[in-house]
Amino acid sequence: MKQTFITAVVSSITAASVATGSLAQMTEIGEGEGELSIVAWAGYIERGETDPAFDWVTKFEEETGCMVSVKTANTSDEMVALMNEGGFDLVTASGDASLRMIAGKRVQPINIDLIPSWDAVDDRLKDAPWHTVDGVHYGTPYMWGPNVLMYNTEAFAEAPTSWSVVFEETTLSDGQSNAGRVQAYDGPIHIADAANYLMHHQPDLGIKDPYELTQDQYNAALDLLRQQRELVSRYWHDAFIQIDDFKNEGMVASGSWPFQVNLLQADDVKVASVIPEEGATGWADTTMLHADAEHPNCAYKWMEHQLSSNLQSDLSVWFGAVPSVPSACTDGRGMQTQEGCDANGLAQFDQIKFWKTPVAQCESQDECVPYYRWVSDYIGVIGGR
Amino acid sequence: MLSDRAPLSLKIAAAAGLLFLHLPILLIFAYAFTTEEKSFAWPPPGLTLKWFAVTWNRPDVWEALSLSVKVASISTVIAMFLGTLCAAAVSRTRFFGRETVSLLVILPIALPGVVTGIALRSAFSIADIPFSTWTIILGHATFCVVIVYNNAVARFRRTSGSLIEASMDLGANMFQTLRHVILPNIATALVVGGMLAFALSFDEVIVTTFTAGQQQTLPIWMLEELVRPRERPVTNVVAMVVVLVTMLPILGAYYLTRGTDQVAGQGK
Amino acid sequence: MAQTDASLVQSRNEGLGARLSDTLWRRPSLLLFLLLLPPVLWLGIIYLGSLFALLLQSFFSIDHFTGMINYEFTLRTYAELFTPANFDIILRTVLMAACTTVASAIIAFPIAFYAARYAKGRWRAVFYLGIMMPLWSSYLVKIYAWKLILAKEGILTWALEGLHLNWLLDAYLSLPVVGGNSLSVSVTGTFIVFVYVWMPFMILPIQAALERVPTSMLEASGDLGARPGQTFRHVLFPLALPGVVAGSIFTFSLTLGDYIIPQIIGTSRLFIGQAVYQHQGIAGNIPLAAAFAVVPIVIMGFYLWGAKRMGAFDAL
Amino acid sequence: MSAVVFDHVSRHFGAVRAVDGVSLAIEEGEFFAMLGPSGSGKTTCLRLIAGFERPTGGDIRIFGEQVADLPPYKRHVNTVFQDYALFPHLNVRDNVAYGLMIAGQGKKQRHKAADEALEMVRLGGYGARKPSELSGGQRQRVALARALVNKPRVLLLDEPLGALDLKLREQMQEELKGLQRQLGITFVFVTHDQGEALSMADRVAVFNDGKIIQVGAPEDIYFRPDVPFVADFVGSSNVLPADLVARLTGQSRPAAIRPERLKLAETGPLSAQVIGLSFLGLTTRVSFQAEGTRLTALLPQDAPRPAKGDTVALTWAEDDLHLMRAGA
């Protein structure tokens, strides 16, 4: 009896979850629905609240009548969780989240014919594998950039040239050890940073891609992270907390986003950033449409807006990222300039190892350690295992 | 035998303990007036009142505050209703399962908030209930019941059972008895329970994060500002105001229960 | 004369309410049923139903790639709790809860003792409010205050520098395990804040237990030749113990489930509450979050059972 | 017509038979006492009359009316509670006027009636006070006024004098008796004090184990107990066991004899050893051991007193040895 009941409950739940989501793409854009909800990284959707100069929402709302609400997510895992939970239209997903959402049927294909500015998108991004599966597009490129090494200019007389300052104990130019004064990202994807470092310093491991690691390569990366745990007093998972820690906790070096560097510099904190010799991991974010989006028309309007407006230009200044529309660097519709784009890494596209989800059946190796092991093992590393 | 005068060591220990409890809160008051915007610099480089004006003009603060007040008010009313009924049943009659009922009432507060929170969230997701103000209220009312219940049970126990019999003996039916005898006698206990429930709901954050969806109550707003500071001085001001606002019902509850043996904070 | 008046009373009472009242009098179990129905329905459906939903979720598992839940009965999720990393989280949390409880009891006892035995008149009110105010002050504000105090650039550093005692702090921070770069990123910091936030919950039950000890009992002990210390050890403390246990239910349970304090002040090592929060909210792994949430339920189940045997519920 | 009639009334609480097949008739205008040790069922009987309890079996009639389905607020009876049950949130006048307010009387009218009732219990002028400001005796009188102001046909009193000290109790006994005569209302009162029952009541019912053991006038109860329990409980008679009585009178039944009726003599039917003496003022109480039975005698002050350890003979008038039923 009890068994039957549980089975009944379970099957009704399953039925409910299967019933959701059709995969047909839209064929035309209708009237806006008056609302639009977006899951985004911190600093990605600004309406002038932090700095009145950076506002690319108000104009959109005025033009389309679609009122934008933003839910900030701090990690890719959180984005996937929010989209699985539902109730959102768009998500600015990085490559380590996008494929998982496509596989989970949480996002729907995009009809690029409905986005007039699609042609302006950087050719290197148009068919990028993190949003294009079997030739079907599941999103519109938003912004990309590197994970830079942020450092305190008082602790470092010269810009560090290697990620070693966050992985290995050294004495900095202010005469003190880096122990306790460096941070690392509180997300399993940080294992790739370790793998990237090893790729450079231990070539005999044979790492070809920091997201595709065999068991041995993976173990080596974890060992490096365990060594890093001795140096890190607290991991950062939120841009603003990291900003706080650099101000109030005496942090001097960490993997970071240009966004934090910009904000800290704006507050006259003595920091700078660099892409060290090992190269960097990075993110290439795609605006993806939820399979059950309640406001698809507004969503399409936004995807056009994000490509055609000053958003690409201003956001790339604000966040320190590279626009997906190269012309945004030069056409003067926003604040960005060619120099700015170059500084943010426009030319380094090929050196950046963009975030993607590690899977067991990987291309470069026979069998790789899948993402869920990254998740649990990284919790273990932070916990001291 | 212990003398009537406290030993010096005890005095020191008690005073140190109380200082430990109070200094951090007083600190927040000082920070609300600081001119320093960016860091935690201490002592404050200067004092200003400007942040009160800035806070006053922040719509998000007002929205969060009004949501908090709304949630706390409705939750309190529900909790007062349920808690009083439950207290009346448990204290008036002995029935099978009485212990179970009191355990059921206490459970939402005896188990960690994170358990209550995620349990409610799972239930909402299984039952396909979208997040709204009402899902917050559902959670808050659930753990506020025990506060009202505790206060009401204590009062019912102290109230002689023969009062109700006397009223019925004098011709009043159950509803007249309720109106003329029971309610006037438990009124202060209910008001106190209600005030404490309001204060508890107003300050709750752990369960709320799981049941709130995209809405922000004031504590959620505070939490958001703690981890994602935008204008730290505004947070300082709100923090001070929140402390002062929660103090009002607590002081009220204290003055109403003064001279009785009830301890107002029990069961928070 | 008497009769007419009385029948007057009777005839006036025949409204709907009066009839309902008659029915309820005739069937007291109906009255009890009606009284209990709303609260039991509310708590039974909303709360127990939710706990059941939670339990149900913990027997599911998650597809690790898509993050979607597999609605098939499995114990795999519970097995995951016993991986070293996860088991560490449980141990760490229980240990912290135990330390917090002990420290809270030690700090709370003198305050409760003074308030119960020596505070008279106005001082009694002062003590009472002195305990209630911090208890009811906003939880987040309290944590926020400690962040201001414990940060490396915070007040404590400033104060110690003023006293030329910062070498003491540095020496402490260089200790393994409890130390760290600053107090706000150390285990010690987490511990201090836990004690601060939950300690008031310990004072009230101890005070209540101590107030119930009649003075004559202490006098009897003195009369029988016990020195104050002996009276404390053999009479007062055993009688206060149920109060301590009652208070410890709060400190222990609240520490077990908290996820905000270690997130704001601590070493990034997870506690159970954070694991629940992160697996649920960030990783979307609701089954594992549910399994983690079952851990404090089980621990508190044993704890409450033990506390009941010690008579702590009477002191609540 | 009888004021209150019990016909095989029972009230069980689970396995406990608080009232077990009680039949009883209380006459109109009677001052009726229910006497018994605690737990004997007397209070439950009172609560059955008031309507706070419902019988498990049997019929209860008040002035001929079946009341089994009648809630307390529809019965023409009022109660004076043991703890007085004065409403703490109302002043004395509003307490007394409560029943009239519920009955729908106007404020002026009911306050006037309340003040009159307070006069009657000699508390005129206390109307504005709160119950907590009164002494025990005053509260008792307020409770009385509150019940009487409704002009009940039966007044129930639950240990009405139990909480008062000795002197006040004696005074209130007189007052209650006077009020009852003056108003002519049926009074039913419950007590465990046999002196109170005997001195105030027209008739007394002795309860034990949920049953009525004996009903009768105080003299009957006192001098002619039916069973040893009554003899022992009411006024501590000497109870002689059946086998002893059989030897003395030839009838194998227990018998009671009051201590003041036992005399010392040179020779007598019973020889006893003195085991204790205590001086009581007017009399001296002497305890004896006689053939395995403990006996007590009250000797007048002028009678010769034996010494402890003496063996004496006991005698009595034949009438004074009251034969009882065997059993409870």
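As written, the chains take the letters A, B, C and D, and residue 1 is the first residue of each chain.
Simple rule for what comes next: a residue touches a chain if its C-beta (ideal position, glycine included) is under 8 Å from a C-beta of that chain, and two chains touch if they have at least 3 such contacts.
Remember, predicted model here, so these are calculated numbers, not experimental data.
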Report summary line: Busiest interface, judged by C-beta pairs in contact, is B-C
**Report entry** Taking each chain's C-alpha mean as its centre, the one farthest from chain A
**Finding:** D
Report summary line: The distance between the C-alpha centres of chain B and chain D, rounded to whole Å, is 53
Query - Distance between the centres, which are taken as Cα means, of chain D and chain A, whole angstrom - result: 89
Report task. Provide the C-alpha centroid distance between chain A and chain C, rounded to the nearest whole angstrom. Result -> 38
Report task. Please list all residues of chain A that touch 2 or more other chains. Result -> 9, 13, 85, 247-248
Query raised in the report: On chain B, where are the residues touching two or more other chains?
Result: 39-40, 125-126, 168, 171, 173, 227
Query raised in the report: Residue numbers in chain C touching 2 or more other chains?
Result: 9, 13, 21-22, 25, 56, 151, 153-154, 280-281
**Report entry** Pairs of chains in contact (touch as defined earlier), listed by label
**Finding:** A-B, A-C, B-C, B-D, C-D
Report summary line: Per the touch rule above, chain C residues touching chain A in the complex are 56, 63-69, 71-73, 80, 83-86, 88-89, 92, 151-154, 180-182, 184-186, 266-270, 275, 280-284
Report task. Sort out for me which residues of chain B touch chain C in the complex. Result -> 1-7, 10-11, 13-14, 17-18, 20-22, 24-25, 27-28, 31, 39-43, 78, 81-83, 85-86, 88-89, 93, 95, 101, 104-105, 107-108, 110-116, 118-123, 125-126, 138, 141-142, 145, 168, 171, 173-175, 199, 203, 205-206, 209-210, 219, 222-223, 226-227, 235, 239-240, 242-243, 246-247, 250-251, 254, 258, 263-268
Query raised in the report: Along chain A, where are the residues that touch chain B in the complex?
Result: 9, 13, 16, 37, 42, 49-50, 69, 71-72, 85, 87, 238-241, 243-244, 247-248, 267
Query raised in the report: In the complex of these two chains, what residues of chain A are touching chain C?
Result: 6, 9-11, 13-14, 17, 74-75, 77-78, 80-82, 84-85, 100-101, 103-106, 179-181, 186, 232-235, 247-250, 357, 359, 370-372, 375-377, 379-380, 382-385
Requested in this report: Enumerate the contact residues on chain B facing chain D in the complex.
Outcome: 160, 162-163, 165-173, 176, 180-181, 184-185
